[in-house]
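Below are structures written as structure tokens.
Each of the next two complexes has chain A plus one other chain: chain B in the first, chain C in the second.
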Partner chain A sequence: MKPAIPTGPAVLTGNTAAAYGFALADIDVFGGYPITPSTEVTEQIAALASRGSISTIYRNTDSELASIALGIGVSTAGGRYGTATSSQGLALMCELLHWATTARLPLVIANVNRSLGAPWSIHPDQTDSLLFRDMFMPQIYCSNVQEVLDMILWAYRLAEDEEVSLPTLVSFDGFLLSHTAENVVIPAFEDVQKFLPPRTPNKNFVLPDRSDPHVMNLQCPCDAKEHTKRKKALVDSLRRAETIIPAIAADWHRIFGASNYGNGFARVSGPNNADVAVITMGSIVGTVEEAFANEPVRVIGLRFFRPFPMRELKALVSGASKVLVIDRSILPDGMGALSHELRLREKEFPQDVYSFVGGFGGQDLSETVFRSALEFVRTHALSENERSQTFWLGEQ
Partner chain B sequence: MHRYSVRFHGLGGQGLKSMLQEMVAPLLMRMGFSVQAFPFFGGERRGAAVIGYLRFGTKPITTHSFIEEPDMVVLFDERIAMEHAVHNLRPGSILLVNSPDARHLVEHYPQFTIFSLNARAISIKNTIGQNDDPFLVINTAMAGAFLRVLEIVANVYAHDHDITAVLEGSLSKKIAENTMAVHEGKDAVMNASGPRPDGSTDPRFGITGPNDRCTKCRLCHLFCPKRAIDVSADDVYTIAGDRCNYCGICVAVCPRDALTLFTNTTGETS
Partner chain C sequence: MKPKEIAPFQTLDPRHGLCPGCGSAIAMAHTLSIISRPLPSGRTRRVRAVVLPASCWSIGSGWNGESFLGVNLVNTPFIASSAVGEGISLMSKRQGRDEEDITMVWAGDGSSFDIGLGLLSGAASRNADILYVINDNQSYGNTGAQESGATPEGARTVTSPLGKSIPQKDIMGIMLAHSIPYYATAILSVPTLTDFYSKAQVAADMKGFRVLHLLSVCPPGWKSPTDASVDLAELAFSTRVFPLIEIAGDAVRLTKPKHEKPVEEYLKPQGRFAQLLASEERLAAFKATVEKRWRALCALEKSAEEHT
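The block that comes next holds the complex of A and B.
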């Protein structure tokens, strides 16, 4: 059914944009278990559903675990499922999210990035979604409110590709995007339908019909060969995702006109022969762009963290001798998740990789902070030790 | 205008977030600006400190940082620490404050251009906020004042029909009352360092009473922070106009509704 929501230019918060994204995706079921700062997504879907403005079935669930369980059921049955959560809520989904990924069940989770405790915080960093970087699940990071709306639609398109068939995570920073009202253009439902047709369930992963007289034991197949086959298929599915993202981007531009989405993987600005390239993701991409607007610096805002677009990124930074990586996450080895990915691939990224982390628990990352980081990168040669270490941004 | 940045300080319950995101930001969008508005707060509780950030201008806004050096600060409540509120506000910048009488701020902060209005009185008068609510909603009066200050300092004019359209789109109830509050906020805001018509107090507000419902309980006298309510030996109550700052506390504490706060902008009383 055509959702009864506004179309065209509007001022929306990230949470409202996400709710409108789900509405335009015309999802069958939305499972709600609200958590700050993603609560309004759930509230607004519930309001739209109760008013009959969308045909989505809204269900209160009794936890995030129940929400993803509901999603597994809906997606297994061939339906389109969506939910929104944050931080501890996403963490609670972990067990069944593994099931959803390995069972190849397309669904979309809007995750509003928020610190995982302790200490308790409702403010953003990206350690919650990056906790799931080892899952076979595409992860999208939005850099503004328009992207929040658009990427929900991209996520379904990617998730439901027959050869991808995976849950997909759309992340956007708490408060800095979830509660930020910005100029947005809400696409028309008719155009969205061209981009995102109704789901065609992948027969390989669907349960038999209820009328099917055969009994199927899903519990204990004890089939190592089948298990191994599926693990290999998971690797292939993420590779497939990497190959079709540019096609999704091209399709988007064909229907909706030009945007800064490029080939989908990243938002890129600045000269390609710049000596310094910056890689970051999330709401600070725009802040970095404004901070370095008058500098010969290439700024790369990574949109897809999974599948990690190694080839694309390698090409984007090939002209630089120094790469400044800014992460809103920290790993046990003492570096941010993006730096870790680059340093894993020294052959592809032979540049000096300066790893910076910050913005934890809502710490403000301002233009001034980024300008001093750039000054440091320009004037400071990395010591051997610093090649595996991290610098902390801002006031400590 | 390339970009204009404003920082708002308020308390939970006063409607700062909805004013920014549901009134001011959509209004500025209608006027053709790129706009960005976001709040920052800890717990979502009444009375908790809320900060709001607003950027608007003719060019797209891509940054998502807090506003370090605002062009203007809007203060919803004088209970907020002033040093915090005016942090990094450059000399010559604008401070708009909800205060019955902001002359003390003019003395403390001569480096700013200070505008003030009694948003609380406008809210109570229009039956938007309850007068016994310590964190009553004042956002439409503040929005009106903010729009008037933008006219003065930034040459940004919002048409009445745009204001009406935005309010009708964002409010579900008390639309007429809030529309009135926006216009009264616009009319009431004044340069706090400017001269007052009577040389002393704000002439646009007054307290009448106590009327014949008064039981001489003296609560108003006891709670008046300005000691502006005199009680004579024979129990005659008089409100001293030179001391009263129209905070409305006497009106709030009166158990018999014997006192009334009114504004002179329209001549109506509440």
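The block that comes next holds the complex of A and C.
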């Protein structure tokens, strides 16, 4: 049904924008479980459902595990499921989230980024969602509140593509986006319906129609050949996701008369022949843009981390000789997740890759911090050792 | 019951992978047959899906996408089956088919008493519209019969070689604490056949969270002869070691054996109780537990009668 929510210009927090995204996606079931800083998404869906403003069935679940399990059931029965969580909650889902990816169930999770303990922190970094970088699950990172709303809709569109059919994660920074109010345009439901039609499930992954005499045994064991086929199909499904993202962006721009998302993969500013390119993700993209507004620097805010848009990114940085990567995650090999992706692909990214990490547990990443990083990159030639090393941003 | 009423439809493909004498296999065949036939209300419902958490059925119910049970199966991780079942049933409701559809979860005691207890509690407290079968063989049967929360105190398992040293969990108490509409224990044996059929029919006919708690004889785990399963099931009833109770709302009904038999008759054919039988003290404690539980259930039945 058409959700009874406002349409047009509004001032919304990221959490409200996410709730409106789910409302506009007209989902069948939303499973809620509170965790800071995502709780308000859940509260608002509960409020909308209890007032009858949306037809979605809302359920208070007993943990994030129950929430993802509920989603597996709904999605297996052909429904559209959504939930919101953060950090420890996402981590608790791990076993079942992996199951959902390999069972090819296109549910959508709004993950409000928050540092994954220990120690306790409710503040944002990206160590929670990037824990799942090795899953076959598209991951979208939002840089402002408008994107939060829009990307929930993109996520369903991408996830539910019959050949993609994968859970999709929409991440946005705790507090910096979840609790910060910005100007947003809420799309009209009629337009959203053109962009996101009802789900037409891939029949291989859901219960058959009731009229279908065919009986299925979903996710039962199979022979090694079939099992291998399933594994290979996961690779194909993420590749398929990469190929259709530009089409999704084009469709969005056609329906909503905008062109703000380019080909979808990244938010890009600055000259394409700049000697220094900066790559980062999340709410700090805007801060980096501000910091380098008067510098000949290309700033790339990656919207899609999975599938990793290697070809697109290669083209975007091809004019640069130095790449400054700012990660808010740290891997056991001592670098951030984005730097790791680039350094895995030295042939595609032959530039000097300067790996910076920071912003953990709410550390403030200001324009000053970014400017000093840029100054370092410009004046410091990387030694052979530093090509595999990481610089830590700001005061420690 | 007449023989034609009890013969199960051919719902279990002979290629199924469960053991000779498996109580769960025969109970599954009967249950699927019962719930797909006309129910007490006169209507016939259809199984939308049977949800199977990690269990013997994960490897025994089919292969390469084929179901050996004649109905749709949804396999899930160990912990998840109750909430997955709830999700499927919510879609039946959303599609306006919840009068017709039955979502059945068939979960073992490990899944229900232990690893999945949290999610089971959630689904029960939300009164999820599922028929939840606890297929209780009193151990982690699929991994080789390790101790579970359902293992009786004193029974030997491979992870309690000296016999279980802590009490069996009271799953009935746990489930009743959730105010669910229906909880019944059931045993598939000759004298309990009518009881079994009636409970499966009633549970299938209702909506909301219904628990059918089945005692399933497990010859490899119980160290019992494969041809003794039906007799052992009967002995579990007639010795009152596994009492048959039905709790539907405020109504409580205890099915009492016509001829009570000594507890030892149930214990003797089972290797898992050999050490227990060798110790007078432990045997006495086991019998005392049986008596205490029986008295408590009789009191529960009496109290329910007085209040209605």
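Keep this in mind: the second predicted complex is superposed on the first by the 381 of 396 C-alpha atoms of A that agree within 3 Å, B and C clash if a C-alpha of one lies under 4 Å from a C-alpha of the other, contacts with A are read in each partner's own complex, and residues count from 1 in each chain.
In this text, a contact is a pair of C-beta atoms (placed from the backbone, for glycine too) under 8 Å apart; a residue touches a chain by one contact, two chains touch by 3 or more.
The model shown is predicted, which means the values in this text are computed figures rather than measured ones.
Of the two partner chains, neither chain B nor chain C is touched by A:T280.
Of the two partner chains placed by the overlay, only chain C lies in contact with A:I72; chain B stays clear of it. In the superposed model, A:S38 lies in contact with neither chain B nor chain C.
In the superposed three-chain model, the partner touching more residues of chain A is C, compared with the other of chain B and chain C.
When the shared chain is aligned, no partner comes close enough to touch A:Q146: not chain B, not chain C. After overlaying the two complexes on the shared chain, residue contacts for A:S63 are found with chain C alone; chain B is out of touch. Of the two partner chains, chain B is the only one that A:E182 touches; chain C does not reach it.
Of the two partner chains, neither chain B nor chain C is touched by A:S86. Once the two complexes are laid over each other on the shared chain, residue contacts for A:T127 go to neither chain B nor chain C. Common to the chain B-facing and chain C-facing surfaces of chain A is no residue whatsoever.
Against chain A, the residues of chain C that register as touching in their complex are 46, 48-49, 51, 58-59, 61-68, 70-77, 79-80, 82-94, 97, 100-101, 118-119, 121-123, 125-126. In the complex of the two chains, the chain A residues touching chain B come out as 9-11, 13, 36, 122, 144, 173, 175-177, 179-183, 283-287, 289-291, 362, 364-368. Those residues of chain B that touch chain A in the shared complex are 17, 20-21, 25-26, 29, 34-40, 42-44, 60-66, 68. Residues 28-29, 57, 59-63, 65-67, 69-79, 81, 95-96, 99, 207-208, 210, 215-223, 226 of chain A are the ones that touch chain C when the two sit in their complex.
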